[in-house]
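These are the structures, in structure tokens.
Paired with subunit B in one complex and with subunit C in the other, subunit A is shared by the two complexes that follow.
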Partner chain A sequence: MTKPAENGMAEASASAILGQNAGPLSRAIGRLRGHSFAVANLLMAPTMLWLLLFLALPLGVILVYSFGGRGTYGDVIYGFSFDNYSRAFSPLWLPVILRSFGFAAIATLLTLAMGYPLAYFIAVYGGRRKNIYLILVMVPFWTSYLIRTYSWIVILRSQGVVNTLLQWANIIDQPLDLLNTPFSVILGLTYGFLPFMTLPLYASLEKLDKSLIEAAWDLGASRIWALLTVTIPLSIPGIIAGTLLVFIPAVGDFVTPDLLGGPDTLMIGNVIQQQFLAARDWAYGSALSFSLMAILLLGIFFYVRKVGTENLA
Partner chain B sequence: MSVFGRKPRDQRVRAKGLRAFVALVYGFLFAPIAVLVLFSFNDSKRNATWQGFTLKWYGALFGNQPVLDALWLTMKVALIATVIATVFGSLAAYALTRYKFRGSSMYNGSIYVPLVIPEIVFAVALLSGFNVAGIGLSMKTVIIAHVAFMLSFVIVVVKARMAGFDTRLEEAAMDLGANELQTFFYVTLPFMLPGILAGALLAFVLSFDDFVITFFNSGVGNTTLPLKVYSMVKFGVTPEINAISVFMLLISVVMLLASYKLQGGAPTVVTAKEPAKE
Partner chain C sequence: MNDATPSTIEQSEDCAIRLEGVTKRFGDFTAVERIDLRIRRGEFFSLLGPSGCGKTTTLRMIAGFEEPSEGAILLDGVDVARLPPYRRNVNTVFQNYALFPHLNVEKNVGFGLKRKKLPKHEIAARVSDALRMVELGDRATYKPDQLSGGMQQRVALARALVNLPSVLLLDEPLGALDLKLRRQMQLELKHIHENVGITFIYVTHDQEEALTMSDRIAVMNMGTVEQVGSPEELYESPKSRFVAGFIGTSNFIESVVTWNATEGTISLGDGERVIIEVPEDGSRPGSVELSVRPEKIRLRESGEEVQSGQCMLRGTVRDVVYLGMTTQYSLHIPSLDRVFNVLEQNVEIASDQTLWVTGEEAYLTWHPSHNRMLPTSGA
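Right, the complex of A and B next:
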């Protein structure tokens, strides 16, 4: 059925079969009977061309850049050396990389700790108001990350909401240094990406067959035991998707450390931005970008394989 | 209203704890937004304490020419980029759901690539690409960049809609004498349309709110609203920024509600945001 032409079927029956899974466009466009392959590629072409020109090739450019060096006027001198990479992982900059991954990991765990109960509540106890609860999660998801980050400046700065309230209540005399600390950066990352965790978790918990949980209860499992051995293992696809959707953008984030951070909260995103826009060492910035992407992709690969296969077992 | 039939004694207690926790999480999600809205009406430049209700920050906003210029540019970019991404993305989504062809899994995988690349890497790669190609940064490069990251979102949303399509409807139309084009325009396309519009709304919001990719690819003088907000924040917190923020929040919320209506109350966008597992 998938390859009628190879089976040597008559043209008529081939197109009749294609008619079931090929749709009317294939027959409309130039009457390409039996040529659904060509039509499908034609329909894909604009998207793939765009992604090739404005994603794949640019990534190739920064890969080439990353082996080059900085010219006198901030231009890139092509070459083939690993200097930029050894610099990225040198004792001077390694802490920045480690901090980025550390902050992102903490933020991911915090969003999981908040997002899982939230998603579980909506999926199981949402009832008729399920859609309202979901929309409420999606409102921050649809609104500007920049603005949501900015709102924490209003709350945390020394004349901000928290300090004003605490001083008004005579709990503190001097404003606390809440802004421009690791605390404010991790808080900002957690807040910014919480919807990214909650939504896939919800999608996964919603599809979960509730009778399996009931069966666990009937067989004598306690609530906690059923949660740990039935619900959570069955929602692992959602946990994988959620952690990736939070961790990936959090590691490379530059808005949050830029607006909420200070000199001791520099993350990879800040350094990449500095190299491209201030120091104009594009070669080094490219090496950092590529290292970030390579570490992430490798990490994703092993993470999905490990957690994913455990899930299947 | 519980989904579960059996209610052991501790369920009410546990659900109470869960409910309290969930209320706190919702509080965490909305407190910053509430603060922004509240202080955008506060009659105080320092805006840490409540000094009375005012609309003057909104008035100042609509008298601020650079902000209005930025708004106009943002709208133009978002509209053009949305049209391009929606047309191309819908075609691709149609191909990916209606055809089983060699290479479709490769295509399926590659449309998720933009979703798993850190935004800043995407941004500097495009900047480098434009530089190598000798293309000067302008409004055009911003639009090109926006389309590149919006395509995946449009495809994912339209695909989600197409997954529920009953192909027998097309056969029925043709059995009843419609030709191929008629079938497509009177049966298939109307079914796709809510998904296409929902994808377009999401794409518009993504473009309208985008900061990182625009920041690197806009060049001098092409200040979109998020770039304007960023530079204002860098100078210090002012009530005007709160007013712009509330205005931008409002646009996003209206778009979200419209998209929700279009999708018949089932927020497809949610599940669709999972990375590829096909």
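Right, the complex of A and C next:
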């Protein structure tokens, strides 16, 4: 690119930003500014289009599938029956569903228990190093979730890092069964989703006016009371966001139980995956997906209402 | 705490709070250096000074948000310097109010009482009393963000006072209000102080506010207390150049003095002179620094007769600022090579007298009793 062209571009964009000396683009923006509704639509358009194409449309397809049936060769036979749904809610899957919610709930609580102090530390004591800490929280994202989960196999298996160390230190004789247990699955979920908890918690704690905590102390509240009556209630939005961001994907997760789990850690995500891939019963898989989604939506609705109104009380 | 010597008991009778050699360092920076203060019970006491003078740090140490590096803070005779804020019987009105946004007015005000585990009906009664005192009885169920700045200010005041602290700390509480509301709140605060009889420690950088409201003021500068006194004492008898310049405005004269039996004289030739009364302690320093308040000086025309006992300087009018009740002049004094401020009452303007105009020559005269001798830097 030549120098004059660069200058020309810089000038054009500067005038567009400043709204001066209107070129066609800045005039167009100026017009849109006057019509905030049109601007709002324009700003949302790419995302709306994306969601429409890759969320709403596939969901529609799955909804249609879920009322159909399985053809001989794994194709979907369109129809309208609730057979798949009655099979989805059969007692057969009840333990799997309960286990999925249980694992996800434990993982959510563990990420909250670890993420809250971490987020509080960064927000209150981070000082100039805040950004470094935040980057450290996000560092795991630089590697694929799959690879990070695989690495837990290396750590947990019977000849893995943990067992070798413990045996070497003569703490144990036989390797512990760490892998392929509920423990390893919950560990994997907790590890994988911790940043999703920490970041929204940090965002809400960072906004918290620190003089409110001093005010609570000043009025006789000990550190723990100030935490319970001021800090935590005021960070409820962050807690809601964090728990939802962890719980929802954790319930439906299938990679972690697939890699770290065993025969007694089957989660609903595995079942759905099996229906789509192994059993090639897309109609049934669709019905299971939709059922899970309905249960989750209902749960979220009551959760947000309960926690949200407690916050307002 | 355990060594309650007779002297501390005696002092605790009239002192709500005492600071002894309190120092606060942040790393290499000394924010507050060896401060001693005695604040009487029921007093309206102000910490006044420019930003960065250490007044807020001092307040935060009394509140318990900062721990002194050295020294003792005696609250009702007991050293609380190392106690956390929730174990001191002091309450704070914060600069930005710091009202809990998730609690309504009633619950904000009742927060401290609830921590003291008082019975519910007593909390309710005291909260509604406190709200009535600040004239917000009808806003009990409002959230802080539904109230105006002035109302939030009063909620913050009620929230602190309802706990009946030994000392109420106020950290520039009116700073965020507009001028008119601030004047009104100053009077209200003063009124509330008289009614509740609690010791108030008030931090402000606004000298006018401090003068209006305080029984006594500690003027702070660079982490130390320059002078403690009533508003009159500070204004009429400043003990340092900083106080003389920070509280109101002052004109300064530094010069060598010749003393005789009854007075000292700074002779500037051509009839110009500054006469100095012998100080109370009888000292006759060879050179002095004096301050004179602008309103003590009269402007006279050259022909007018000046009594021999008066101080007199010749000056040229540089600026004239008409302020309604008064007119402020600045005059250049050639013999001192310095600009003096003079404040004249405009009582005579309605008659035949005219304002002085720029460029005119005038004589500045005042009575020697208006000279304030400041300790020189060498002393």
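What we mean here is this: the second predicted complex is superposed on the first by the 263 of 313 C-alpha atoms of A that agree within 3 Å, B and C clash if a C-alpha of one lies under 4 Å from a C-alpha of the other, contacts with A are read in each partner's own complex, and residues count from 1 in each chain.
Everything that follows uses one rule, which is that contacts are C-beta pairs under 8 Å (C-beta built on N, C-alpha and C of every residue); 3 or more make two chains touch, one makes a residue touch a chain.
These numbers were taken from a predicted model, which means no experiment stands behind them.
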{"item": "Subunit B versus subunit C as contact partner of A:Ala215, first or second or both or neither", "value": "second"}
{"item": "Which of subunit B and subunit C A:Arg87 touches, first, second, both or neither", "value": "neither"}
{"item": "Partner touching more residues of subunit A, whether subunit B or subunit C", "value": "B"}
{"item": "First (subunit B), second (subunit C), both or neither touched by A:Arg280", "value": "neither"}
{"item": "Partner chain(s) touched by A:Gly127 [first = subunit B, second = subunit C, both, neither]", "value": "first"}
{"item": "Touching partner for A:Pro233 - first (subunit B), second (subunit C), both, neither", "value": "second"}
{"item": "Touching partner for A:Trp50 - first (subunit B), second (subunit C), both, neither", "value": "first"}
{"item": "Common ground on subunit A, meaning residues reached by subunit C in one complex and by subunit B in the other", "value": "214, 217-218, 223"}
{"item": "Residue ranges of subunit C touching subunit A (in the complex, touch as defined)", "value": "63-65, 84-86, 90-92, 94, 96, 98-102, 111-112, 115-116, 159-160, 163"}
{"item": "In the complex, subunit B residues that touch subunit A", "value": "1-6, 8, 10-11, 14-15, 18-19, 21-22, 25-26, 28-33, 35-36, 39, 46-49, 87-89, 91-92, 94-96, 98-104, 107, 110-111, 113-114, 116-122, 124-132, 144-145, 147-148, 151, 155, 167, 170-171, 174, 179-181, 183-184, 187-188, 202, 205, 208-209, 211-212, 216, 226, 229-230, 233, 237, 241-242, 245, 248-249, 252-253, 255-257, 260, 265-267, 269-271, 273-275, 277"}
{"item": "Residue ranges of subunit A in contact with subunit B within the complex", "value": "2, 19-28, 36-37, 39-41, 43-44, 46-48, 50-51, 54-55, 57-59, 61-62, 65, 114-115, 117-118, 120-121, 124-125, 127-128, 131, 134-140, 142-148, 150-155, 157, 159-161, 163-164, 168, 191, 194-196, 199-200, 202-203, 210, 213-214, 217-218, 223, 237-238, 241, 244-245, 248-249, 251-255, 259, 269, 272-273, 276-277, 282, 285-286, 289-290, 292-293, 296-297, 300"}
{"item": "Touching residues (chain side subunit A, partner subunit C) in the complex", "value": "209, 211-212, 214-223, 225-226, 229-230, 233-234, 311-312"}
